[in-house]
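There are structures below to look over.
Presented sequentially are two complexes of chain A, the first with chain B as partner and the second with chain C.
Coming up: the complex of A and B.
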C-alpha cells in the first residue's frame, strides 16, 4: 500500500496546484502537467550539475527542492498570458492552457532531447532502504510521502491562518466582492498561480530520483490529476488530498488484487462520484 | 559596402545554385531529385523511436547522395510527423498526392500502420514501414499488399527471448511473472512467452501478470505486487522510458537480487539502462541492431561513429529499420531499371523488385520476403557491467535470424509455435 501512498503524494502536489488555481482564477489549467515535467527535467539537470561540482550524494534533496521551487518563477509570465482569458469562455482557457502544454513539450524536446533523462549513480538509494512489513522500500519513497504531507499541512495553515490565506479564500468565494473590498486581484492571481506552478514543479522534482524524466510524463499525469479533482471536488484543497489518496491507494489495490482492473478501478470511482455526488466529495456548496 | 540581408540571401542562393550545378554528374544535369516522404513520430512515447529512424534515414541519404544518388538522381527528403492514425493518414495523402513523392517510409505505431497500409494500396504509393506493421490485425486489413512493405513481426523479440530463457535458465526458474504494457504489443509478447515456455516444457508457473498503461512512470505498486508474488523470473517487454524506470524501482526494492529479468526490448533505450540498477545476467534484447555487435561490418562501425559524433549518443535499432528502407528502395529501383534499359521504373515495377530483395544493412543482410515482411537478424544476450560505459551491454551476444524466430508466411503464431519439433 505504500506504493499507493507514494503515488498519491505526487498526485496530491499536482492536483493541489490545479485546485488552487481553479479556486481563485476559475481556470482549469491543463499545463499543470507540463510544470510537473519541467520540474523533473530541471531537477535532473541541477542535481547532476551539483553532484558533478562535488556535492555529497545525500545532500541532493535540498538541491532538488530548490530546483522545483525556483521554477515557480515561470508563474508570473504564464499567468500574464492566461489573464487574457479570465473573463472569457472556458473553452478559450482550455485551448490556451493546452497550447501551453504543447509549447512546453517542445521546449523540453529542444532543451533535453527525446531520450529519457535520469539521475545517474545511486541517488535514489542514497538514503538506503528499509523493510516495511513483508516488502522492502527505499527510504526516499518515505521522504517523498513525508515531504508531501508537510506541504499539505503548510498549505492548510497558509490558507486557514494567514492574511494571504484569508484573501485567497475570499477571492475564491467571490472575486468581484473581494475586488470591491480593495483586494488587488491582479496581484493575488499572480501569487496564487505562482504557488500553483511551484506545487507542480516541486512534485516533478521530488519524484525524479525514483523515476526518469520522459517527455510524455506531464500529459500522463494530467489525466490522473483530473480524476483526483473530480473525485475530490473542483477547487477544494481537502478534496485534492483525499482524492489523491483514493486514486493512489485504489490503483495499488487493483494491481495487488486484480491487475486487469488497474485503470478501470479509478474510473469506476470517478463515474460513481459523478453520478452520486456530481460536485465531488468536498466541493464547497457555493461552487 | 554593407551586406544587407537581401543581398546576403541573394549571394547564398547564387552560390547554392552554382554548387548544385558543379555537383551533379553532367549526364543527369537536369535530373529532378527523387522525392522520399518520411513519416516520423516527434512527440510522446514514440518520439525517441521516430528520432532514431530519422537519423538512420539521414545517414543513408547522405551516403547515397555523396555517391551520386539513385541512377544519378539525388534524394530529397520530405519529413512529416507521425501522430494519430487519422492525422498521419492525412499527411500520407498529402505526401502522395500534393508533394508527389516517389516513395514513403516511416511509421512506428501499429495503430498508425493499420490505418496507413490500406491507404498506400488505395493511392498506389509505395510505403516501406520502419515498424508499425505487426500483428494479426495487419493480416486482416492488408491480406495481399502490393504497395505496402511491412516490418518484422512483433513477437520475434519474445520468441527469441523465450528461446534464450530455455537455453540459459532451464531448471533454474519455477515461477514467472510478466509486466507488460496494456496493449497488443505487451499482451502478445507475454502470450508468446507463455506458449513457448509450455512448448519447450520449461515447467514454469505464472504467478503474476501486470498490465501498466503505456507511458506509466511510477511502478512502486507493481513492484510491491511482484515482491508479494515472489517470481523466479520477471518477463518485461518495455521499450521506452518505462524500461529504466521499472528496473530502477525494482532494484530499489531489492527485486533484482531475488529474480532473474528478461527485458526483451530494453535495448531501445539502452543508454538509460544504467549499471547502477540494471543487474548482470539478465536477458536483454536490442531488436534488429546492436551497436557493438561482435565482428561488426565496416558499415555499422562507420554509422556508430557518425551517430556518436553527431548526436553524442549510441544508436538504437530503429535507425537500421529506416536505413534499410532507403537502401532497399535504391537497390530495387536499380534492379528494376536494369530490365528496362536504364529507364526509371514504375512503382509497380519497384514493388516487384523489392519482393525477395536482400541488401547490406547496418546490422548485416536484410531483405523483404515475397509477402512483404522484413527478414533480418535479431540481437539479444546476457547483460554485463564489463564495458567502458555507465550502462549495461550484452555478452555473449546471441544472433538469430527472423527465419528462426518469425512465423513463416501464411501461418498463425501459435499454430507455428505448436508445430515446432522439440
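Coming up: the complex of A and C.
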C-alpha cells in the first residue's frame, strides 16, 4: 500500500506539471514523460559523481533535488518552440510535443546508452528502514512522500496566495483577458512551463533510488500521467493529487491481487471517468 | 485532367518496383500498402472529420492479430482473413467509437489513446491468448486460393503478394475517394468546420462521425493484416501509443488537407526511415526534428508544398 503511495507521490509531481501547463497554455504536453526520464538519468549520473567525489551517502537526496531543479533550465527554450503554435489548432500542439518525445528519447540514448542505469540498494537504503505496521519500508519512500506532499502544499500556496499565482489563475481562466489587462503572457507562459518541466524532472530524479532508469520510462509514465489528469480533471491541481492517489493505489492493489490487470484496471477507470464525467472528478467547467 | 494521368503514372511506377528496382526495394515497399490503407482511414477522421485519434494503432494491431490467430488455426485464405479483420474492427469500433465521438479535440484524442493502451495491455498481459510480448507468428496465407508453394519467401512477397497488396490499396483508395467525395464526406467536413451549424441544417454530426470512425477502423485493420504478412509476426507494440503517434506523423508529413497526402506521407516516411536508419541508430532524433519542422513551418505537409493552391482534391 505504501508502495502505491510512493508511486502516487512521483506521479503527482509529473501530473502537476502537466496540469499547470495545460491550465495556462492549453497544451497537453506529451513530452512531460521525457522530462521525467531526463530527470531520472541526470539524477543517477549526478549522484554517482557526487558519491565518487567523496560526498557522504545520506547527502544524495539534496543532490537529486538539485539535479531535478537544475533541469528546469530546459523549460524556456522548449517553451519558445511551442509558442509558435499557441494560436493554432491543438492537434498541432499535440504533435509538436510528440516530436519532442522522439527527440528526447534519442538524446537519452545518445548520452546514456540503452543499458539501464541505477543507484545501488545501499544508496536507496542510506536512510535505513522503519517498520510501519507489519511491514518495513525504506525511510526514503516516506521522505519522497513527505517531499511530494510539501511540494503539493507549496504549489497550493503559490497558486492561491501569491501575486504570480493570481496571474496564473487569471491566465488559465481567460488568456486574452489577462493579456488585455496588462499581463505579459509570454513571460507567464515561460515561467509556468519552466515550473512544469521542473516538477517533471524532480519527479524523475526522486524515483531513481527505488528503480532503474530505463529508455522506456518516459513514454510509459506519460500514459499513467494522462490517466491521472483525466481522472482528476484537466487543469485541476487538486485533481492531480487525487488522481495520482487513485492511480498509484489502484496499481499497487492490482499488482497484489491480479497482476495481469495492472494497466487494464487503470485504463478501465480512465474510460469510465471519461464516459461518465468527461470533465474529470475535479474540473470546474465542462470542456 | 492531369490528375488521372499522374495517378496512373504513380501506380505504374509502384507496380514496376519489383521488376526494376529489385527485391530489396520491393520488400521495402510492402509496409507502404498496409500503412497506406490505414492512413486513408485515419485521414477520414483527422482531415475530413477533424478528429485527431491517438489510438488508431489499436485497429492496425487488431487486424494483425486476427491474421495471426486465423493463420495459426489453419485458415489460410487471405480473403477470409481480411474479411474477418474488417468485421472484428467494425465490431470493436462500434462501441468504442460510440463513446469516443461524443467528444472532440483533446478529449477525443485522450479517449482513443486510452482505448489503444487498454488493448495494448490486453495483448501484453494475456499471454495464453496473445503470446504476450513475444507476439504471435503469422503464416503465409493463400491468395485467391493459390498457395504459391513453389516460391520462396522473398519470391512470394515480391511477386504475388506485392501485386495483391497493390491492388488492395488501389481498391481502398478508390473506395475512400468515393466516400470522401460523397455527400457523407461533405457532411463530415461541415461538421468539422462548425458542428452546431451543421446540426442546424440537418446533419447528424455524431452519427456521421461514428460511421467515419468505424470505416477508419476497418481500413486500419485491413492494413494491419497486410502489414504483418511480410514480417510474419503480430507484435503488441503495434498497438502502443507511439505507433499511433507515428501514424498521425505520416498523415501530417504528407498533408492531411489533401486526399492523397497520407499516401505520400506513408511512402516518404518508410523510404526516409530506411535511409536514416541505415545511417544512424538515432533515427528518432531526425524524425522528431522533421516532425517539429513540418508542424511549425509546413502544416499542410508535402502535398501543401506540391499543390500550393491548396485544393482539397
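In the analysis below, the second predicted complex is superposed on the first by the 283 of 287 C-alpha atoms of A that agree within 3 Å, B and C clash if a C-alpha of one lies under 4 Å from a C-alpha of the other, contacts with A are read in each partner's own complex, and residues count from 1 in each chain.
As a convention for this text, a residue touches a chain if its C-beta (ideal position, glycine included) is under 8 Å from a C-beta of that chain, and two chains touch if they have at least 3 such contacts.
Quick caveat, the model's predicted, so the values are computed rather than measured.
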{"item": "Clash-or-fit label for the pair chain B, chain C on chain A", "value": "clash"}
{"item": "First, second, both or neither for A:116, with chain B first and chain C second", "value": "first"}
{"item": "Which superposed partner A:85 touches (first chain B, second chain C, both, neither)", "value": "second"}
{"item": "Touched partner set for A:263, first chain B, second chain C, both or neither", "value": "both"}
{"item": "Contacts of A:275 with chain B and chain C, given as first, second, both or neither", "value": "second"}
{"item": "Chain B versus chain C as contact partner of A:96, first or second or both or neither", "value": "second"}
{"item": "From 117-125, 207-215, 243-251 or 387-395, the chain B stretch with C-alpha clashes against chain C", "value": "117-125"}
{"item": "Overlap of the chain B and chain C footprints on chain A, listed as residue numbers", "value": "105, 109, 219, 259-260, 262-263"}
{"item": "Residue ranges of chain B in contact with chain A within the complex", "value": "42-45, 47-48, 51, 182, 208-213, 215-218, 220-225, 227-228, 240-242, 244-245, 248-249, 252-254, 269, 271-272, 274, 276-277, 313, 390"}
{"item": "Of all residues in chain A, those that touch chain C in their complex", "value": "28, 30, 81, 84-85, 88, 90-92, 94-96, 98-107, 109-110, 219, 223, 226-227, 230, 234, 259-264, 267-268, 270-271, 274-275, 278, 287"}
{"item": "Chain B contact footprint on chain A (complex, rising order)", "value": "1-4, 6-7, 10, 105, 109, 114-116, 118, 120-122, 124-125, 129, 134-138, 140-141, 207, 210-212, 214-217, 219-220, 251-252, 255-256, 259-260, 262-263"}
{"item": "Chain C - residues contacting chain A, complex", "value": "46, 52, 54, 99, 102-103, 105-107, 109-111, 113-115, 117-118, 120-122, 124-126, 241-242, 245, 248-249, 252, 281-285, 287-289, 291-292, 295-296, 299"}
